[in-house]
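Shared chain: chain A. Partners: chain B in the first complex, chain C in the second.
On to the complex of A and B.
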């Protein structure tokens, strides 16, 4: 080997070593930058979730330690109890309601508002409920449904005879009534997101379809709808997640409802854990809820990525 | 048909078409929709007429009837402010929401910087780890957090509550800021590095100012989230010195409350003021946040 080649190799190696030590130093600096986020999220959200799964296999009550392993006992109990299946049924109703109604009404509104004067004003009016806290909205709507409340007064006024129905006390109406409030609060944001999606659709294919003589419905069905699907998926994912986990509205509005625990899985979990102190059992309910949420979200995410790909 | 732009008939038909199109934007067509939007807000009308009524007046009158005067408003607000310690709770929530949102986003921004602008081994794995924090419903956090906080004495403390809000408010901003930081050119910070600038300096004076829009939008979103929270604070911080405004409002409204609907409505009004004011002032960023949130 010639001296020159040896020197060459030496230079190359020093450069490589320098490069490596630079990369190493940068990685160490990067660790400092990400450390607070990793620590906080790890300690106060990921660790609790893992711990929650473990707890669901114990016999733990509020004042006893986590002493005894119980296997699947909590899960067996859960599937045997009518409360759980009722809460599950209501959760399904919630998810469907939260998915369908804001989407249908939001779509109608956004199509009507698209080219309308005062669009901004009307949009803001429909959006207004969303900037209030669900707890405050629930407190107001409580009196909308109350005896002598708005709904009953209007019905009494229209029919001319005294009407006094406890919308929030009766099992057959309480879920529907709170879903109406949820839709009322979330219609605006759904509509705004759909309007954003509509405004990003190019005008040319719509014009072309019109020139070809397509009816407004055909234009919507075959041109606008396929191009709007990615936005529809975003809205659906947000609303389905909200449908699964809505708590504030139910807790505030249905605070007097005797069968409170069966209102949804989120409420059932809270009631069992913090109302009754059955912590391990509540943890098991949370695990079931979490598993369903993750499965459904994963499914929706797959659909979303397919829809987006098809458009590109 | 040939197009002749000097042909008056053709020009007339163009003008006619144009005016037809503007007709669809005629303000009169918006009237039914405006009426619908106003009818939609009847619950807010209920809120407004109720806060001006005394308890006696509320019982005597129809629920949507106008109040006699503005008089009772001050008394209602005062009663709501003192009952259930709503005033104290509002200050608590204000501190949680303002400090929590600012610190959480600063931490998320630092992490996003480390992941996009520095050579971090396994940057994607770190990101996925933190992002996992958005997958699970909050119901899965509650029992372990209460248990853990009881062990280490953080239950019913201001600091413990803040830690939980911080952890929850980091993952989503990290996702957004990772995207916005990647979009900022890297040439600038390479140049600055050669000039001898430290990473902290590049982060605070070159990258952060270039992401002002998303940073403000995220702060609004997270401020609103913390201010509106009932679930976590109703479990982890129930003492009157540390509890949040929503917990206090719920206590005001709850089954065992003896206060009239007029006082509850006043409480709902008080507890809505900060987020509504922020929305009105920073509406532009709020809408930007919506499109950020849906990407």
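On to the complex of A and C.
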């Protein structure tokens, strides 16, 4: 009996050893496959971020000071001049504009186009601006808004008197003007994503609601919209990220605007670092911008997860 | 097959040879768009004289050029030659050790009578010269002689009252009196002239932090700037082509460095017939006549010079009268070589007038201001030019004072 128990234990231990060995082999194989990705992310994403955070605590500007510790001085200086606050405010406007307008117009378009003839042709036309680089779009729209550009020529033609308003030179209009360009360029992709979302909604609940006497608005509000929410969340996350990081359009279109550094935090960060050589201060702006983006993204991820659970 | 192998081998050798030749080329990077042809001719001459190939490359606009040089130096990839600025701009760059000490070349050039010790001082930090001159210019008011004649102005203004009177006559004759571009770095032009014209001591003081940017002299300068805008003396600051209104004949005067002569001539203006200059009179007669002086230096990478001492010979070649004449003839700029020809009648006349009237020479604001706040201050001035009201002037001065105070408190 004792011998039998001993044998059982030996068999059990051998089995466990084999299992451990197998698990270890599996882990090693997994690491072999994961390692390149971990290495790349670590080397090209996490390490530069850590380096940037470190830089923000130095006095590095132009050609000197990288080896001098500044403590929180760069963060304290963020509010010494009005630029950071203005850039922050404009970034908020950008994020709201980039989130709301493409979604609203994209949704309207996708609902209108859903059952329309020549849908593919019209979709392609709206999608066309998306295939051009933002710098090229910016260069074209610069002339649309120029003092003697398309917009002012139209206004001059309509009113009969010369109109040369500087849309891209005045603080109260420059952000709005560039957001219009952004919406124009991104409307197509938003519309296509929403159309995909609409096409994946099953027809049964819609037909059931109609049979029950629901109005078209009620069908949209209580059936289509909840089922479309996951797609809306994806579109929102993409547009919010674009709103935070838009740089090229602003840099090209507002190149002559004296306050262009304040047009967004991304532009301000670039201007301070690469324009002025205030590398450490620019790094501090980048840390703040990055932190905000992470917080907002995390919030949106939580919302998305709750929406998905509710639908399931 | 053998033929194919030979062709392949020959192609590879040729490709490697071409690659090697390009890798050995020296590179000069500048931000002077209008002078590129002259600069390339000058470096070609220096290259031929010293058996090297030098390629001149352009990077613009100014803010991106500065970013390019800063990142090149930070990355240990300083161009062999590059244009920069003197004053505070040169000081912190020299401290990096990236720029070569050109004492040997300056000693030889001074001994040969090409340059003076005073010129060497323009590009020196702590007594050591870190650059050679590509341009040495005076800031004067260019004017369209035909517009002046049409407006009935027979003498160039020598007092501020005469200057304002000339503006009024030009306006009455249908001209925009003054071409005043406001893009990129240009907003500081009239700010500098007016502050220097009100009080040259204050002009010096704002750049070392001893005078506030909303002090009395600056307030007076801005009041005059507002008044001139209200009277309609300035052109639209939004025009990207800085000389457009002047060369097309719609604006009659243009305050700028006399290095600009070449591009005016290239656009069809003729010195002595349609183009001439005068020293801009001071706003306050008590302030005395002053003239803003600009120097455009070319620096040499210390690492390049150490690796290739023949670069020093190329520098010497670019400091000769021949190089100066080549640059002057093509680009119309004068690098100050004492044995060279003045490139045109305008620069010659300016030198003669400065010699005769002995104005106070002031280092240009761009070079004198701490580089860390240069861009912020120019932007504030640009905001005023786009909205030239008394309220905006007040806002601009307050912001400029904040920028300056913040800098001096932290440096």
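By definition in this document, the second predicted complex is superposed on the first by the 270 of 312 C-alpha atoms of A that agree within 3 Å, B and C clash if a C-alpha of one lies under 4 Å from a C-alpha of the other, contacts with A are read in each partner's own complex, and residues count from 1 in each chain.
Just so we're on the same page, contacts are C-beta pairs under 8 Å (C-beta built on N, C-alpha and C of every residue); 3 or more make two chains touch, one makes a residue touch a chain.
Here the structure is a predicted model, which is why all the values come from computation and not from measurement.
*Asks:* Now for A:169: first (chain B), second (chain C), both, or neither, which partner does it touch?
*Replies:* Only chain C; A:169 stays clear of chain B.
*Asks:* More residues of chain A are touched by which chain, chain B or chain C?
*Replies:* In the superposed model, B touches more residues of chain A.
*Asks:* For A:287, is the partner it touches chain B (first), chain C (second), both, or none of the two (neither)?
*Replies:* first
*Asks:* Who does A:312 touch here: chain B (first), chain C (second), both, or neither?
*Replies:* A:312 sits against neither chain B nor chain C.
*Asks:* Based on the superposed arrangement, let me know which partner A:274 touches: chain B (first), chain C (second), both, or neither?
*Replies:* A:274: touches chain B and chain C.
*Asks:* So, A:80: does it touch chain B (first), chain C (second), both, or neither?
*Replies:* So A:80 only meets chain C here.
*Asks:* Would you sort A:256 into first (chain B), second (chain C), both or neither based on which partner it touches?
*Replies:* A:256 sits against chain B and chain C alike.
*Asks:* Between chain B (first) and chain C (second), which does A:199 come into contact with in this model arrangement: first, second, both, or neither?
*Replies:* A:199 contacts neither chain B nor chain C.
*Asks:* Considering each complex separately, which residues of chain A are in contact with chain B in the first and with chain C in the second?
*Replies:* The answer is residues 256, 274, 279 of chain A.
*Asks:* Quick check on the complex: what are the chain C residues that touch chain A?
*Replies:* Interface residues on the chain C side: 63, 66-67, 70-71, 73-74, 92-93, 95-96, 98, 183, 187, 236, 238, 240, 371-372, 375-376, 378-383, 386-387, 399, 402-403, 406, 410.
*Asks:* With touch defined as at the start, can you tell me which chain A residues reach chain C in the complex?
*Replies:* Within the complex, chain A contacts chain C at residues 61-64, 73, 77, 80-83, 147, 164, 166, 169-170, 256, 258-261, 271, 274-279.
*Asks:* Show which residues of chain B lie in contact with chain A when the two form their complex.
*Replies:* Contact set of chain B toward chain A: 24-27, 29-30, 33-34, 37-38, 40-44, 46-47, 50, 62-64, 107-108, 110-111, 113-115, 118-121, 123, 126, 129-130, 132-133, 135-148, 163-164, 166-168, 170-171, 174, 199, 203, 224, 227-228, 230-231, 235, 246, 249-250, 252-255, 261, 264-265, 267-269, 271-272, 275-276, 279, 287, 290-291, 294.
*Asks:* Applying the document's contact rule, which stretches of chain A touch chain B when the two form their complex?
*Replies:* Result: residues 23, 26-27, 29-34, 36-38, 40-49, 51-52, 55, 112-113, 115-119, 121-122, 125-126, 128-129, 131-137, 139-144, 146, 148-150, 153, 184, 189, 192-193, 196, 231, 234-235, 238, 244-245, 247-248, 251-252, 255-256, 265-266, 269-270, 273-274, 279, 282-283, 285-287, 289-290, 293-294, 297 of chain A touch chain B.
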